[in-house]
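In what follows, chain A forms one complex with chain B and a second complex with chain C.
Then we have the complex of A and B:
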């Protein structure tokens, strides 16, 4: 049984036990910052982090400081998968097989520029856990569209007159197609579910991937106090369903959504404010379709069973 | 033990003797046999390294960066397009002060596709903070591979071993394979100083945002390490000579004592030039040869000491920096520029894209240098078709 957030962060928890030190440089209400705190708490101190260029390269703090109580290796933007694989190989060569290698990248570093090196590591089944904290745009450079930006969204490179006209890539499907041993989605609004998934990932050998929904109040044009609310709504309206995939074929939905209309989710964020009824209806249709498809996969007989 | 092996396999033997711990590589002609042989060695247990079969050269270097950051002895090999693809990471490896060793088999960059030798690929990476050593024969390739790890780890900088496509990579020559004992004596296991590697007992953040307050000193230290690399190479070469009798230095001179015209060259063209120097000497011509083994750090003092005494300097470049000239020539000119009354430098470009550099090519270079005044143009093309 995995430990829930009550044990890892709740009553009896001491600040000194945190692996994420106070005073980080993220914006107020940064989902990516909280995601790191939760994941590290579940990973424990025998973890080495690999961080490519992304907001987290700022959040961690500048030289000569460190914002985390585990070793951190910063690497170029597109290399998280390969650099983590190299770190893993070195640790294995030295017999330090009990140390976890945790690659931690933004959506740009995962869906776009880093996709190749991630694909290589997953195809080789390198023994690493790769976490993408997904804020659905290039935030570090000032909110430009990425392959993870949802259709209809405003960003600085998709202005409201011509918003993003293609759907978000389905990263979990891309990895499932690699037959990755474990891939899952998670969000900070469901911390027990998130912690359980990290623990599950920790127990599996080979490549593992976690996609964490990480609201960015700055880039999503919303009030930072709604960071948790919006995370929960994303799940409840099926925009970001919580599920896991084993070996690319066994799907398991971990949280039942409440079925909130997408409109309510959109209305809370400035990045969707320009959308009219027709676009919102279209988005709802797309979300419904994807959800049915996911349900179908979750009900399918697994391979070889 | 002597064995007749190709240049590429000389690297593989060197990497095995160096007891590399992590290898990450991607195939490209003319480098492929290096990694094929290393794969064999890893698979039959002769080499206990983790071989990561990456999906690109870019990831090969990223993987070496990850591995070396955790204190492992890391190796990769590439050529041309592969090296160019790594460019961003080459800067990263040196500035992160990682002692990675890489072999680059010189091959022309396309287009058009060309798999034959040319030095432009490695020389275009001269500003990336990598030590560069150019090799003339297969023995030198093997010995340099061992010395490369030694120098890299002594100064915490990456080292690139460079040699010609086909003329060396695929050419079989007798090579004395050093004993593991001798290799270990030159190259003990990598020493890890506290605070320089990813260590769970001593958590630190590496290569994070570095403000202007600190950045320049880091670059100053990198440059200082680069200069120390020359001394460390000298030290390693001295020990290697005691162990094997083979002698290496940053540069080598051949019949330069009373030479009035000295030709500067690197890689296999040096062997050809040696023959030409002998034949011209036989005809009473006062010619000599300077072989550049080390290109980074640039051995200014050694080069100037030899060239200041001669009347004319000719430089053979199998490479080109467009809009400037041959890269060795440019650097030799810079080295001499503050020497009062320095000899003029004649820059020759020949052998691009694998065209042969024959004794005739080199004779023509000596003839033109002796006969002509200093050319206005920094480039004189040799062997160009009309």
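Then we have the complex of A and C:
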């Protein structure tokens, strides 16, 4: 199992081929912006984007400008799934079956507000690729808690005296429960792994879901330079394992984690700074438990850790 | 669509019927957000920085890892004409400095240097030197050890004709007469000296300056480089030292190297704790003796290289510590040495702990012969008195210039660090200074910093610290192992112990190198830029588009080898 670190992504790269142009409004070190860049490189120009309210509705630029070289349909917060399904139907009706429909929503628009329309679209197995770039809170509106915010994390609506007391929702399990052909996690720290998953999703017909871990230095209260480092660490400490689920059933872990303690991951981020030893120990236990469950589902022995 | 100017919409009539985009965001120069500025700056790697001979280690490892073994060999030749020698006998300070040593084990640089030299020999490669003019400058070099050979070689590369005077009958100095063949086989030395003879370096053997050739004869040369080494063994200064059965360690090694078999008997005592002592002990072992090394201080204070000490012990040399020789007496056909018991005292000026008498009764041990290796002194009686010497060394500056304008010196007779690599470096620097002096046509003018920076690896600044290496991009990997001769085979004679690594092992080892401070075009900065602001240059490396770079610092953090630096952006702060 290759760690898939940036060995093939840059080959033959030319800036003219980028489908996402500089000048965009993402913050310094924006993980969401980089996620779009990597996904579009793998998707190619025959792609139509559906973007609900989220950071990306800002990043792409204000009317009448766009930072992208592919068409974008901006839609209301809760409608990414439905709008993408509609766009797919319209394209199919016009015979443009070779164009990919890519719904692109944040964790708020996926885990919480858009869950109903996403569930509807994937239950119908509409032929779309839905990407959630997960920065674990409503970052665009000023760091409010979402269903993706991890337990113990600070946000403006879960201040340090009462940090979030519920675990992060397991979105992949929700999608897997719909028995869709493909659901996977990815992160920008492993670009080869991410690109491979996008390519795999492209080749499958039906509803496909990709959850991309995309750090937000602004909302996570950390130095933007560690954006990739923290993404890599999330994988290596099993907070965000990289795996894929075929037909809601077959689990496949794609990157072998190094087994870094969760404490090291927490220490790099201001949003976890208030956590004491007991809370960190609890978090470690939860992470270990979830990891063992995942290994069980993937029917794998624990890696040599 | 890719207009770089904002749109100019003057009224309702300019607006589209639907809310659609009319232009790109390229007019929006996000570089104005930046307060930290990424810059590509290649820096020296610690390996090359630590090399006393001035090898660009990272470069030859890089070329070799690309499969260009010949280019890698020629990179070594740019600094040292003796890679086959150094690849065997150098104490590799490069490996001590190697950043990989703080991750798992350092790169096996010496093994690779040796591999490159040996494969060049197998492939019959030759040194390329520029043609020599019809009436070139001639420079006299006294001594054909590593310093003399290095100086001659670099002078020859500069188009100057060197003439090397060697007192012994064969070339190589300490490499031939001091270092035993089990560490440096003579054919390896012969092979590298033959390469030097092939490019037109004149060698005169059996010509000791001051005896066979008067110093005055040096007057015909515009410059002289003296590197006669340090051969005079120090005396112990104890009673009975001058009788039979007592031999200097270096003299013993010389006799063995010349093919003589000095009669040392069965029980041999080696006095001293330096590299000569170890070499003498291991050589005596190979002549069938039972060897006891006796050192005044403890193991930690031994000046010998720890690896050598360990090998000597494995081969069966007994080492006794904290015993200082106090007298030698003859008894029958043997020798009885009296030792005083010592204890460790306070640290001395050199940081090593001093010794004080421990009291108690002296120890008497019976031997057949004694090899004294208590250090060596240089003999510079052949030099005119005007050449200043202090503390047993010719006084030189960093360019090897002595107090006499035409006279340069290097190697063991002018340096406190007496290693082959230091000698090679001193010969090279002196050659640069001599070439510069001759080109100027006058007395040797200091070769200035400009000359040094021109020669130094790119950057010329502090080497990359381990902390600047992003180890997330390097998997742990085992260091290659040097195949060695079995213990039983070793003691049968003087066959080389280290057998050299295979090409496959070298290739695997080369994959471990971090290439500290050198852009290897790995694409990390390009791939991880969230602002599409890293561009590939035609030469395969990168540049930053400062119009758009927001200064997030991801490229600096994710550069595996410390090339991308983040600096306060002064331009933007004003």
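A few notes on this one:
Just so it is clear, the second predicted complex is superposed on the first by the 289 of 305 C-alpha atoms of A that agree within 3 Å, B and C clash if a C-alpha of one lies under 4 Å from a C-alpha of the other, contacts with A are read in each partner's own complex, and residues count from 1 in each chain.
Rule of thumb we're sticking to: a contact is a pair of C-beta atoms (placed from the backbone, for glycine too) under 8 Å apart; a residue touches a chain by one contact, two chains touch by 3 or more.
None of the values given here were measured: they were computed from a predicted structure.
Once chain A of one complex is fitted onto chain A of the other, the partner contacts of A:33 are limited to chain C, with no touch recorded for chain B. Once the two complexes are laid over each other on the shared chain, residue contacts for A:119 go to chain B alone; chain C is not touched. Applying the stated contact rule after C-alpha superposition, one finds that A:22 touches chain C and leaves chain B untouched.
Of the two partner chains placed by the overlay, only chain C lies in contact with A:225; chain B stays clear of it. Applying the stated contact rule after C-alpha superposition, one finds that A:61 touches each of chain B and chain C. By the touch criterion defined above, A:69 reaches both chain B and chain C.
Legend: residue contacts after superposition of the two complexes on their common chain; A:290 is shown touching neither chain B nor chain C.
Touching of chain A by both chain B and chain C, each in its own complex, is seen for residues 60-61, 63-67, 69, 72. Interface residues of chain A facing chain C in the complex, by the touch rule stated above, are 3, 5-6, 9-11, 13-15, 18, 20-31, 33-34, 37-38, 60-61, 63-67, 69, 72, 188, 191, 217, 223-229, 232. Residue ranges of chain C in contact with chain A, taken from their complex: 1-2, 7, 9, 15-16, 19-30, 33, 472-473, 475, 522-524, 526-533, 535-536, 545, 547-548, 550-554, 556-558, 566. Within the complex, the chain B residues that touch chain A are 21-22, 24, 48-50, 52-56, 58-60, 62-72, 74, 88-89, 92, 198-200, 202-211, 214. Looking at the complex, you find that chain A touches chain B at residues 45-46, 48, 50, 57-58, 60-76, 78-79, 81-94, 96, 99, 116-117, 119-120, 123-124, 126.
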